[in-house]
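Structure below; questions to follow.
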Amino acid sequence: MIRLEGVHKSFRKKKLFENINLEFSEGKTTALLGPNGSGKTTLVKIILGLVIPDRGRVFVKGFDTAKGYGYKRLIGYMPQVPEFPENLAVKEIVSMVEELRGVKAKRLEELLEVLRLEGEMEKRFGSLSGGTKQKVGALLALAFDQPLLILDEPMVGLDPLSAYRLKRLLLEEKRRGKTLLYISHIMSEVEEMADCVVFITEGRVIFHGSVEELKKTTGKEKLEEAVLCFLS
Amino acid sequence: MLFKLIKYELYDLLKSRWIVGIFIFYLLVFYILLEFGRELRKSLLSLGNVSLLTIPLFSLLLSALYAYHNRNFIEFVLTQPLKRSHLFVSLFLSLSLSVMLAYFISSFLVFYYFFGVNFSFIKFSILILSLIPLFVSIGMFCAFLVEDRLRGIGLSLLLWFAFCILYDTFLLYMAVAFSDYPIEKPLLLLTLLNPIDLLRLSFLVDAGLYEFIGSIGRPLLVYLKKWWFLPSLCSLFYTLIFYALGFRVFKGKDM
Amino acid sequence: MLALMVSVLFVCQSCELKDLQRAVELAKEGDRIVVKGGTYRGPILINKRVELFGENSPVIDGEGKHQAITVKADGVRIEGFVIRNSGMSYSEDIAGLKVSSSKNCIIRNNEFLNNFFALYLGGASGCLVEGNRIIGSAKSEGSSGNGIHAWNSEKLTIRNNYIRGHRDGIYFEFVKDSTIEGNRSEYNLRYGLHFMFSNDDAYRKNYFYKNGAGVAVMYSKNITMEENTFEKNEGPANYGLLLKDITDSRLYRNRFINNTHGVYLEGCNRTEFKENLFEGNGWAVRIYANSEDNFFAKNIFLNNAFDVSTNTLSYFRNTFEGNYYDKYEGYDLDRDGYGDIPYRPVSFTGVLLEKYPLLSLFYDSLLLRLLDYVERLIPFLNPEALLDKKPLTRKP
C-alpha cells in the first residue's frame, strides 16, 4: 500500500532520515513507534506530501507521490492537533471538505452519533473544546471511506469514553479491510490494534515486524517492556 | 477548487475579529476626520495619510497572523487532493479581498454620508486598495519564510517600518549629506520606487499641495495627476514580486 | 457763462467731420468731442484740453504699428472708447493710450485690447483711471508691456479696472500719494501688481488671481495695503505678495489664499501685519533673515503647509503676538481667550526644507511628521525669539 524507497531528509544541516526503506502492506494496521523527536510525524508528513524528501521516492498504492496529488483521495488523515478556520461552524467545515474532495461524506449520521458530535454541528469551530476538535478531526478522517487511514496520536486528548468509541471505530475500519498507519505512545492500544510495528529512532528504522516478532526478538512478555529495550 | 477554497476562507475571515476590527477602526477614524474637516480635498489628504500608515500595517499583520494561526488548517488542506498553488492563491486572494472589503465598505459609508458619490473618492480608493495585496503578499512571504511565529511577525513589522520610515530616513540622510551635489534626479527616482512614497506624493499632487511646496520633480509629478493610476500599477508590480517570492517559499516548504 | 463758449463737435463716418485728429485740431480748449461708433485710425495726438466721448464704442486702432492715442495736455478726458492694436517695440514703450506730463486726466470706461502697453502714464498728476477693461495677449515677458503703467507720477487714482494678459497688471515706478482700489488683475505673465520706488501709496480691495509671479512691492516706504485678496499664485518663485525692501508699511485685513508663498519678506522692516487671513498656502509667511521689527497680530493661519518659515535660527527680530493658528494644540484654562502655552509657528520640517529644499519630496511623510512631533515635545532648534506667547484659542 505504501512504499518508501531510499528516503533522505534533513532539516537545515541536521540529518533526520537517511535511506529509509519501508513498506506498509495493504489491509494491515501499522503502529509507528519511537521516542519524541525521532521523526514519526515527519515520516507521516512525507507520505502525505507535506514534507518533501531530499532524495528517494514514496509510492502510495503504486502512485508516485511526487507526481501529482491524486493519491490523496485514498487517504483519510487525522492530524495530531486538528485546526480549522475558527469562524466556520462544524457543518460548514464538513461541507468544505466535501467540496474539496468532490464527494459527499458517507456514514455521516453514524459517525456523528458514535463520536457524539450531533450537538456540535452548528457551533463555531473556535468555540469547541480541545477534545471536541479532536473528534471533528477524526470525523473528517473517517467520513470519506478512504482505503488508507493515517492518524497522528488519535486518542490523545480524548476522554476515556470518547477514546474507547474512537478505538471501536478504528477497529471496525480495520475489520473492513482498511490499511491503517498510526502514531501512538499508548502501548496497550498498540497491542490491541496493531498487526505491525515500526520502530524509529534517530532517523533510522530499527525494527519492522509484527508485535509477536517484536516480543520474540527482545524476549519480553509485554510490548511495553519490549519497546523499553530499544530505548535504553 | 480555487473558488471553493476562497469561499470558505473569505467566509471565515469576514467573520473574524480582525476584519471586523479593521472595519470599525476605519469607520471611526474616517468619521472623526471627516467630521472635523469637511473640505473634500483636505479630507482625502488626511484619510490618505492615515491609510498609508495603517493599511500596510494591518494587511501585513493580518496575513502573517492568519498564516501562523491557521498553520494546522493549511496542513490539513494540503492533505486533501488539491494543488499547493491553489491553496496559496486562495489564501492570497481571500486575505486581500477581506481587507479590501472591510476598508472599502467602511470608508465608502462614511464618505457617502458626508459627500455622496464622487470620482475623487473612487480614485483615492483604487490607489489605497492597491496597497493591500502588496502587503498581504509580503506578510504571507514572511510567515512562510520564517518558521517561528514571533520572529516572523517581527520580520513583517520590520518590513512595514522599512517601507514607512527607514527608507525615507535613508533618503533624507542622502539628501542632507549630498546636498552639494546634483542628486535631485536619483533622489526623486528612489522616492518614487517606494510605493508608499509614491502614493503620498500622488495624493499631495492631487490635492494641489505639492505645487505649493514642492521644488523638485514637479513636471514629473504632474504626470501623476494625469496618470493617476500609475501608483497602483507600481504596487501591482511589487505585489507580483513578493507574491512570486512567497509562492516559491510555499511551494517547496516542509509543513 | 463759460459753458456757452464750450462747443461740442461730432465725429462719425457719415458726419461732416470724419477724421478724429482733424476734430481735435478744430476744437478749442475745453471743447467736447463726441465720437460715434466706427473704426478710426491712429495715431491720434491730443495736445489741448478736450473731452473725448465715445458713443457705441468707437474703435481707435493702432494697426499694430503705432501708438493709438497720445495725450500731451492737462485735463483731458477719454471715455467710452475701444483702444486696440498698438505697435510693439523692444526699444520704445508704445502704448494704446499714453499720457505724458499732464495733470488731471480722466480715463474712464474704455476697453483696451491687444496693446503692447495698454495705458501708459508718464509724469502724470491727479489722474483718474476708472472702470477700464484691459485685456492683453502677452506671450513672453520680453515682448509684452504692462496693463497700467505709471511712471514718475503722483496723486493717481486707479479704480475698478479689470486687467488681464499683460506682463504686469499694474506697474508703479516713482509714483507717490496714489491709490489703487477695487481692481481685478489676473492671469498676467509676471506680477498682478508691481511697485518700485513708490512711497506713500495705498492699495485696497484689489483682487489678484493667478498671476505668473503674484504681487511684488519693492523698494518703497509707507505703503498701506488693505483688504486685498491674493489667490492662487502657484510656483516655486511665486508669491501672493513679495515685500522686498519695504519699510514702515501696513497690511490689514488682506486675504492670502492658496499661494505657494502667502507673504515673502525680504529686507522688510517695521511693517505691521494685522487681521490678515492666510489660508491654504504652502508657506503662509516666509521671512528672510534681513527683515526686522515686523509685527504680526490677530492674523489667522488656516491649513497652511507651513505657517511661518525663516532661514535664520539665531537672529530673528520680529514679533508674533495674539495670532490664531489652526495647528495650535494648547489650552486656555484661565479663559482669557489666549492659549496658556506659547505657540511656535516655525516647524522643524519648515526649517529643514528651508535649508534642504530637496526634502520637499518627503513633505507629509510619516518620518517628517514624527520629527515635527518630537521637536514639539523636546524643542531643540526653534529660534527662541519666534514664539507667539499669546496664541488665540478661537478663530476671530
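Points to keep in mind about this one:
Read from first to last, the chains carry the letters A, B and C; within each, the first residue is number 1.
Just so we're on the same page, a residue touches a chain if its C-beta (ideal position, glycine included) is under 8 Å from a C-beta of that chain, and two chains touch if they have at least 3 such contacts.
Everything quoted here is computed from the prediction, not taken from an experiment.
Closest chain to the protein centre (all Cα atoms averaged), using per-chain Cα means: B.
Centroid distances built from C-alpha atoms place C farthest away from subunit A. Here the spacing of subunit B and subunit C, counted between their Cα centres, is 47 Å.
Averaged C-alpha coordinates give centres for subunit A and subunit B that are 41 Å from one another.
Distance from the subunit A centre to the subunit C centre is 88 Å, each centre being the mean of its Cα atoms. Note for the complex: subunit A touches subunit B at residues 11, 45, 48-52, 69-73, 75, 77, 79, 81-88, 92, 96-97, 99-102. Those residues of subunit B that touch subunit C in the shared complex are 42, 45, 49, 52-53, 164-165, 168-169, 171-172, 175-176, 179, 183-184, 187-188, 191, 197, 200-201, 204, 208-218. For subunit C in complex with subunit B, the touching residues are 234-236, 258-260, 281-283, 303, 305-306, 353, 356-368, 370.
Those residues of subunit B lying in contact with subunit A across their complex are 1, 4-5, 8-9, 11-13, 15-16, 70-73, 75-83, 252, 254-255.
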